[in-house]
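I have placed the structure first, in the form of structure tokens, so that the comments after it can refer back to it.
Per-chain numbering from 1; labels A, B, C, D, E and F assigned in written order.
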Amino acid sequence: MSDENISWFPVPDEDELPDNLRGLFMKARQRLGFVPNVFRVMSFRPERLSAWFAHYKQLHEPTENLSAAEREMIAVAVSMANGCLYCLVSHGAALREALGDPIQGDRITFDYQRAGLGEKMHAVLDYVVKLTISPRECSPLDIEHLQRLGLTPEEVWDVIEIAAMYNFTNRMAHATGMMPNPEYHSMAR
Amino acid sequence: MSDENISWFPVPDEDELPDNLRGLFMKARQRLGFVPNVFRVMSFRPERLSAWFAHYKQLHEPTENLSAAEREMIAVAVSMANGCLYCLVSHGAALREALGDPIQGDRITFDYQRAGLGEKMHAVLDYVVKLTISPRECSPLDIEHLQRLGLTPEEVWDVIEIAAMYNFTNRMAHATGMMPNPEYHSMAR
Amino acid sequence: MSDENISWFPVPDEDELPDNLRGLFMKARQRLGFVPNVFRVMSFRPERLSAWFAHYKQLHEPTENLSAAEREMIAVAVSMANGCLYCLVSHGAALREALGDPIQGDRITFDYQRAGLGEKMHAVLDYVVKLTISPRECSPLDIEHLQRLGLTPEEVWDVIEIAAMYNFTNRMAHATGMMPNPEYHSMAR
Amino acid sequence: MSDENISWFPVPDEDELPDNLRGLFMKARQRLGFVPNVFRVMSFRPERLSAWFAHYKQLHEPTENLSAAEREMIAVAVSMANGCLYCLVSHGAALREALGDPIQGDRITFDYQRAGLGEKMHAVLDYVVKLTISPRECSPLDIEHLQRLGLTPEEVWDVIEIAAMYNFTNRMAHATGMMPNPEYHSMAR
Amino acid sequence: MSDENISWFPVPDEDELPDNLRGLFMKARQRLGFVPNVFRVMSFRPERLSAWFAHYKQLHEPTENLSAAEREMIAVAVSMANGCLYCLVSHGAALREALGDPIQGDRITFDYQRAGLGEKMHAVLDYVVKLTISPRECSPLDIEHLQRLGLTPEEVWDVIEIAAMYNFTNRMAHATGMMPNPEYHSMAR
Amino acid sequence: MSDENISWFPVPDEDELPDNLRGLFMKARQRLGFVPNVFRVMSFRPERLSAWFAHYKQLHEPTENLSAAEREMIAVAVSMANGCLYCLVSHGAALREALGDPIQGDRITFDYQRAGLGEKMHAVLDYVVKLTISPRECSPLDIEHLQRLGLTPEEVWDVIEIAAMYNFTNRMAHATGMMPNPEYHSMAR
């Protein structure tokens, strides 16, 4: 595999990892053709990776009014606000794939305000950027507004929790020097 | 029970919650005398609360060069940078208790730079504030610097992961309107 | 006497100070049980302390629509915007005392936006934070708005002058390394 | 009298003012040829004006290593950082006059970093801008640095107190809509 | 000739310059009495100066609803937002001259929000400051708003292009250490 | 032709444009296979487009120590600092092509600090971001630093002028609603 430096921390060999993580890596390899570097970098602390991923994976489950693609939009909007290389490249790819539209995926990644989004997703992304950049300004009016645009209370909560989660993962990537897999760049183009 | 509004989302009755969460609430009540509102607010989505807490609780385990009190210092420094009422009140209390020194606890909470901290913790807190406010500026030199001050690579990782985690929890608190339990204000004074 | 370092400048002995300041210290000791460190630190320049205090003390006189507690709210909101340890601790204590409510006092100190304030004081504190952070944005509409909420023109002026004054005192505290008296932390709890 | 609107608050007639303020206005008229609008605007609250001015006037007294012109430089550097029309115009004029050099006065007012100042005043103005914009970053090293450049501790204190004072007056001007007297614009050119 | 250092780059002798630039300098000398330092500094790269000026000079041509003075207002508002010494001094002078009103010219230069401008120019200057400071926030509504206030689409474009141009020239001045000619300070007073 | 809305201003038909612009469009079509939307959008003001382009095209000519690819790096670093969709997409593509390395091109576009650049280009891009975000902080030391890393004075000037130019073009794109051509997204992948 690549000799490239993907982390500022040591990266364990895959075969030294606990069974559950080896299973996770195998599944990723089957689905994507490679193991996302986020898994390899975070395997430096295997129990943390397991616990984080058990939480994280719940957040991308689609619901009636918040599709998988729309959840990826939240990921890239937060990651652009934080300027996170790893997440912009990897979730930019995931968004292109989820939309089946590479141009719209890139546009939302770079500047969702100019991507011609409908009212619901424009409001959702405005809100997650506010929650990222000036979280004290959030108010109950934001929640009401998103509900009026068709989200259930559970889906508004998802918007919040996804945004908060990428504020976690962006910073893990920033501080560990996590580099995105080269494969992402040409995915879904 | 307080009638006070502790969340902008519905708060379920405790006896409707799954067993594992009822156990968590009971343990908290035994240890603290009350259930922290973060649990009650987040029980709106019970599986999320379970998954998040399984991850979160790993981060406050003390190690040789990063004590429980020092981990609370990271919590309050990040929470002050984000201006998070819930976490400043609750982890301010936890820090006072962990230090056994209410004055030093408050000082670190309000402005760690003026609390007379030693070189190690001053550097740790400078770093977590940078990771919170301008995460793109993090570099491998930061990691080397903290190791030179006595942290192991695993402990530097803990510094990062705790800081990233409070960037998650602060935003959950900000966006859900989570209010701190009144009990915290007089704890450990 | 505490041996603690309360200033980055020399702190004169109390008995070397001019009579009027010795009187001021004595009165403070009678009222509070101790001499606030702001007096001890600023006594490095005795005439300045006298002149400043003659001005400052006018600003906390209550009026019909702006009580002593409400004036302390302005002090803590400005001090939080500037991140001033000394003033957050000392005026946080004064606010708890003036309100007779330690929990509400702490909440306003950490985040007045989430303290359930009425419309008048919410607007007053929004305004003093704007005047602190982006003073060029102030306009005559702000003044009209506060008058519509029940303040007289003189009271609107007081709001402004108190806010401007804490922009003075916060910076005196920041630049002189002024440390709050330990007694404040447990006051009015 | 000008009919121009110089304040968003009522401006009292000069002859309704207390004797001491009428004396202050007369002296100003003798020295400058006009009454600075800061006096007229602040005379809405006469005791405040008296108290403030008794403090303020102490700060512009020259000392061996901090001349009257150098004190005006602090005034304009803080006022540019805050973007204060009244103080930039009035103290810009005062600085031109104190220097006897209108070009250098304007240059320092607009951008002291490009005015070819010596090391001492460059450091002083860097410090007062830091104290204005990010006061939490001040440290004892700043004080040592200014002393090494030739200031006494008392003069370093003056630097701080002048900077803090213009953070007060700038905000009084911003919030009251104080307009500079037309006469300042052509003074000392 | 002034011996003053007007650039951090070498400044060629005027007689070494290509004919077209010597003509440009001569015309400036006839019109103003001196050669603006922007020409002398930029003549380090003569073809660049020629090309830039051919573009730049188109932007200050007055039209029915956007006069020469109003175009200078855009120049100073952008330059104040960027804090550009050269452009504040030189276009401040040009604005005083274009208005025939030194006081109003200075006021607009320091703070257009307090200069009593009419609705159209207040909106124009708010917009160019937004375009300078937070360009992502621009929207089609801004364009509609300025058209409703009387500008043609071509004039709205001019507002944008002038603002963008001063974001170019301000940075050329900042990075080359361009100093304003002394003559500007007393012009049109 | 695409029916997509590429501008918030009217876009003229190509055959109504002056000869020189029709020639420019034809050359672009030959070289790239399409006309970049920046030309079509700016043709609303044909003389402006001609003048701007005559200036702009000089800046991308490679020199010994600043290649065509390195000049594109400046374009994307400034455009990321300003968050400009049009320029990130179009110059991101141009950089991928100039480097012949799509992965490195994307990495530099999203975060040049993590792209493993050599000392020279890292310093160049740090400098252009500073010139974009806080232009007042530029100093002669920056120029000396880049010369020590191997640039000639003319090439340092180019660094500055390219950075200043993208501060112009980014704002033209932001304010006109300029949309990138779909073709760019798949170019040089």
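Just a few scattered comments:
As a convention for this text, contacts are C-beta pairs under 8 Å (C-beta built on N, C-alpha and C of every residue); 3 or more make two chains touch, one makes a residue touch a chain.
Note that the coordinates shown come from a computational prediction; the quantities given were computed from them, not determined experimentally.
When you average the Cα atoms of each chain and compare centres, the chain farthest from subunit A turns out to be D. Of the pairs listed in D-E, A-B or B-C, the one whose interface repeats that of E-F, with over half of its contact pairs matching by residue number, is A-B. Remark: subunit B and subunit E have CA centroids separated by 51 Å (rounded to whole angstrom). Distance between subunit B and subunit F, defined via averaged C-alpha coordinates, is recorded as 44 Å. The distance from the centre of subunit A to the centre of subunit F, with each centre set as the mean of the Cα atoms, comes to 29 Å. Contact of a single residue of subunit E with at least two other chains is seen at positions 83-84, 111, 136, 177. The part of subunit A that touches subunit B in the complex is made up of residues 8-10, 44-45, 47-48, 51-52, 54-55, 58, 82-84, 131-132, 135-136, 138, 140, 142-143, 153-154, 156-157, 160-161, 163-165, 167-172, 174-177. Touching subunit A in their complex are the following residues of subunit F: 80, 83-85, 88-89, 102-103, 106-107, 110-111, 114, 177, 179-180, 182, 185-186, 189.
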